[in-house]
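Shared chain: chain A. Partners: chain B in the first complex, chain C in the second.
So, the complex of A and B:
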């Protein structure tokens, strides 16, 4: 999966669908050359999580003046809002940021990818480390432009006893991928890596993750749900690797999607690769449509068909939202999603 | 008054109802009994507009309103309620949210004011106490993981809160033990009123010991083939449906 790392400056790195890890998200088909570099720009403070307060760091067109990297110390309640904003039509940028949560600390990171232009290309790369006994909640909102190409790759390294909770919520883009690689040491560390996508029009969203368990007694729980309409396409690639000796690993992965149109598409590739002996691992994957009998039942009680559909769809996706432990973030994502259904 | 005349219904091109005629005046409770496969559930679905149940001839009206011209939600807003033999599970939607959404959708369709959340909570608390239901159950997704008896009780709760004027009960006693049956029947009986009509669809006479009908009809081979008073149900219980089997009916004709 690391063989091909997208770099906007090097067109030979643009993967086509012949690269296994990118077979559902063909970058080369839409991008052949390095896009013109995005200009410097500014945006007013704000973003989708503005109401939750806390410190704001904004990368605009890939730049954040004097950005020192984020080092979280202590166990403060205030979240940190990390914004990636694209404001230049047809231009490209690739911001990089390092985030460290020091041993015993706690951070709630509210990350948003905001499209304020047409046809841009954004390639965001994050290096995240969560120290011993530390905890990171990372909430990622994708609100890119419909015709944008947007890629976010996060490499997450956990120390023993660390807690990492991630939820990605997105409504897609022309081509969009959120990729997360977690190095999981076990030894009391636990990971929750959830996601949801609600796609319409011609949008495409790809949630790809690799969690590698290298130590004893690690936990991973993953729930990804999605809904596609029109000709939209959702992709889920979840891989959990349990290395030799990582006994006592408990890893569960589920992906459930609804296709609400004739021409919507969902591609799912859940993988468990287990080299250890004593593990508890499970994965499930379902792709279906709304239950017609349930819809009739709801209509019989007075709900117009559209309202019944919306209620079932919303309930389907809210299962992921309900798992967010941080109250403000949970309600923020709920509101964001409600506005998109 | 519910007025069904010469109703023909097909399900996937297969004729199920073949000229069913039946009137239920306001305030009356009529039972429709019949053997398996006679078309009992089809009658309930046809009256409520389930997709796939196509009326090919005849008419069905409620209070002068042509039911067959309305979509399912519009029929519900006109007061038609079908209590399902197997109530559906609605994952992720708490029972209380579901019922309030349904009630307000009906009220909107009728041009009435919606019920506020606090007012609705009061209504639900009173109704669930009366039906001896655990209030916490109402916070759970509707019918998900409920027992057969709990699902039926949830149907009764919805009837009480939605206040339909035409109640169609499809095999309401199936899956109920005697205690649950009594609670459900009490709930239905409490809804009897001069403005409300009820159609009780059942295979067995047992339910009619608890919900006393004014009239009993026998449905066989897609038509009403006999009608009478409550004693007809007892006679069916004693003699079975043999004399209404298709061969016997043909012989009689």
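So, the complex of A and C:
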């Protein structure tokens, strides 16, 4: 079922909730036909990570002039900023990019999905490969418009000894999905794949991931946290597959969500599909609301209720932010999130 | 040498599926295949009222329009629905007036199964031993129900559903199909069209059922499907505990078992439903065995009502089963305790659904899966909270244990929360049997198999404790037997 790939040119590929992998993100309900193609446009350099410097590559309405694909070599400290900007109202585009981190290299990729228009449809597809002993940190910010439909699908192939760290932070869209598929060869490769969502209004965000362990001694750790307000809807689908022979796999996954309104919704489906016996796999999944006794405690000590609530929510989500190793990226995401709480 | 011989014998004994015998009971069959005439035949055999026949025919029409579901993580040879007998009954001249008139071959079957049908046998047993009323279903019909008189004194109705349709049609009509609608799913529709027997229980308001109720299901005839239907109604403030056991002969054909169980709990009522499912699992190469496609659902309609499902699933070639609770009443509560053990080439896709509709409803799920051999086990569960259900609480724990390199174990829990005041927790782990613990137990003189049985029993203990006493002992043995040959 995960084989179904959304292609804006082919309306028969628009999944409805009857497709199990899209059960909670029903594209067909909102999109039936191929949207008109987005026109060419330009944007000034910048974006949410501008302060961190480094090289910038911008896809505007799906196009990036003379884009050859990214090939990262060496262990430079400067990050690369990859921007996907939508500027045309009601139009659609489908950018594709390939990123290769060659053996032994290191890349910090700061990716942003920026909405500067209303009601657009963006379907971004990335192919990423991380070579032997190489390391990729991918920080993804979702800044889509409230009425946009935005889908991002990344296929990540790791080589033995590779390190892949990913954090996705988003405030949702009308319908938004970040999907990551990782092929994990084990043999010293390790994956950390975190995410956070802070949603309000009628926004929807879906973090979906599939990590397939095919070799010995692979490690995966995943922490996804989210907060929903108003009538927003958060979706988490995380699947860890351990194939036959992938012994020594150690995989942990946790998803924790807070619903801070009466009509907010959270749907979660963590999956463990395991065909090897010498493994340690676990997942935890909680949905709840703020701890009343903690709120009470803080108010007793003089904090107004609103402030106490904000502080607890922030502390809850910052756990994900704190796990980002790259200093600049971590503080950038923290700032971005603070502005949204 | 004697000790060696004893060990060999013990192993041979254990490897055998104990209930795999067939018995030569003279049986009456309906012709093979399924059509409206067969449905009419079954209904007529049972002397059913017209509305029941119409209900069945409507179900049959719905079934024709439905497709067999394929979403479960199980693979099996498709069932040829036209190559089955939908009705098989031990031949009897007249309905038996007492146990003495029941075919001795039949009684022999139940004796072999270790089920005391004769009330005096039970009474002659140890003083103060708990009484259990038994309904025995053989292929398509119920052959005997014990302790009816004593139950009637308390006002409890416990009888085959075919009899209830004649004696208490108003009760059956009021509740049948209200928990699992005819068109709920493919197998439920099939069952609604062709079910031939099963148990009916009604516990009147305020009554605590004076003994455990129990049904033993036995598939005996070959090329026969079993489609039983159970309906249990616990009226206001009542309590009942119901046990269910299943066995079938060893055959190299696959036999279909598609049951529907409906439970209704009104205000302050409680139903405890326990199953030890030991259908024939097929041989080590996956030949034969029962396809167990069952729909079980409880409707906690009343405020403060409670339903608790406990299941020990060790048999069947393929299991597809999700005992669920619709928690409609305020402060209603649902529990699901499950042990699923698969070995050989067995496949099990089982779990539960807790649908929270009532305010302050609670649920608790403890599922333990053990996979060995080349088997596959999946826990699939749903906890959903509807927008109006405030104060909902759920706790779910799923643990899987893998024994051997060729089995699979999968955990697929769904959470759908649409209310901010809900508190839902789920945790799952998958590991193999600890080498350290095995080594420790063996060092202290246990054989490898004994050590495995001991550790697995420890692993599933939380669930075993939920079983009524009579079943707990049996289940514990079953756990050990099911895993025979899984190590070394």
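Keep in mind that, in the parts below, the second predicted complex is superposed on the first by the 339 of 341 C-alpha atoms of A that agree within 3 Å, B and C clash if a C-alpha of one lies under 4 Å from a C-alpha of the other, contacts with A are read in each partner's own complex, and residues count from 1 in each chain.
Assume a contact is a pair of C-beta atoms (placed from the backbone, for glycine too) under 8 Å apart; a residue touches a chain by one contact, two chains touch by 3 or more.
The structure presented is a predicted model; accordingly, all values stated were derived computationally and were not measured.
Trainee: Given the superposition on chain A, are chain B and chain C in a clash or a fit?
Mentor: After superposition on chain A, chain B vs chain C: fit, no clash.
Trainee: How many degrees apart are chain B and chain C as seen from chain A, counting from C-alpha centres and rounding to the nearest 10?
Mentor: 80
Trainee: Of chain B and chain C, which one contacts the greater number of residues in chain A?
Mentor: In the superposed model, C touches more residues of chain A.
Trainee: For A:312 in the superposed arrangement: first (chain B), second (chain C), both or neither?
Mentor: In the superposed model, A:312 contacts chain B only, not chain C.
Trainee: Once the shared chain is lined up, is A:300 touching chain B (first), chain C (second), both, or neither of them?
Mentor: first
Trainee: Could you say whether A:169 touches chain B, chain C, both of them, or neither, answering first, second, both or neither?
Mentor: neither
Trainee: Look at A:268 in the shared chain and tell me whether it touches chain B only, chain C only, both, or neither; answer first, second, both or neither.
Mentor: A:268: touches chain C, not chain B.
Trainee: Name the contact category of A:88: first (chain B only), second (chain C only), both, or neither.
Mentor: neither
Trainee: So after superposition, what is the minimum Cα distance from chain B to chain C, given in Å?
Mentor: The answer is 15 Å, the least C-alpha separation in the overlay.
Trainee: Can you check the complex and tell me which residues of chain B touch chain A?
Mentor: My answer: residues 48-51, 71-73, 75-77, 81-82, 84, 87-93, 98-99, 101-103, 105-106, 109, 141, 158, 162.
Trainee: What part of chain A is in contact with chain B in the complex they form?
Mentor: Interface residues on chain A, with respect to chain B: 291-294, 296-305, 307-308, 311-312, 314-316, 318-319.
Trainee: Across the complex, what residues on chain A touch chain C?
Mentor: For chain A paired with chain C, touching residues are 20, 244-245, 247, 257, 259-289.
Trainee: For a test of understanding, state which residues of chain C touch chain A in their complex under the given definition.
Mentor: 71, 387, 400, 402-432
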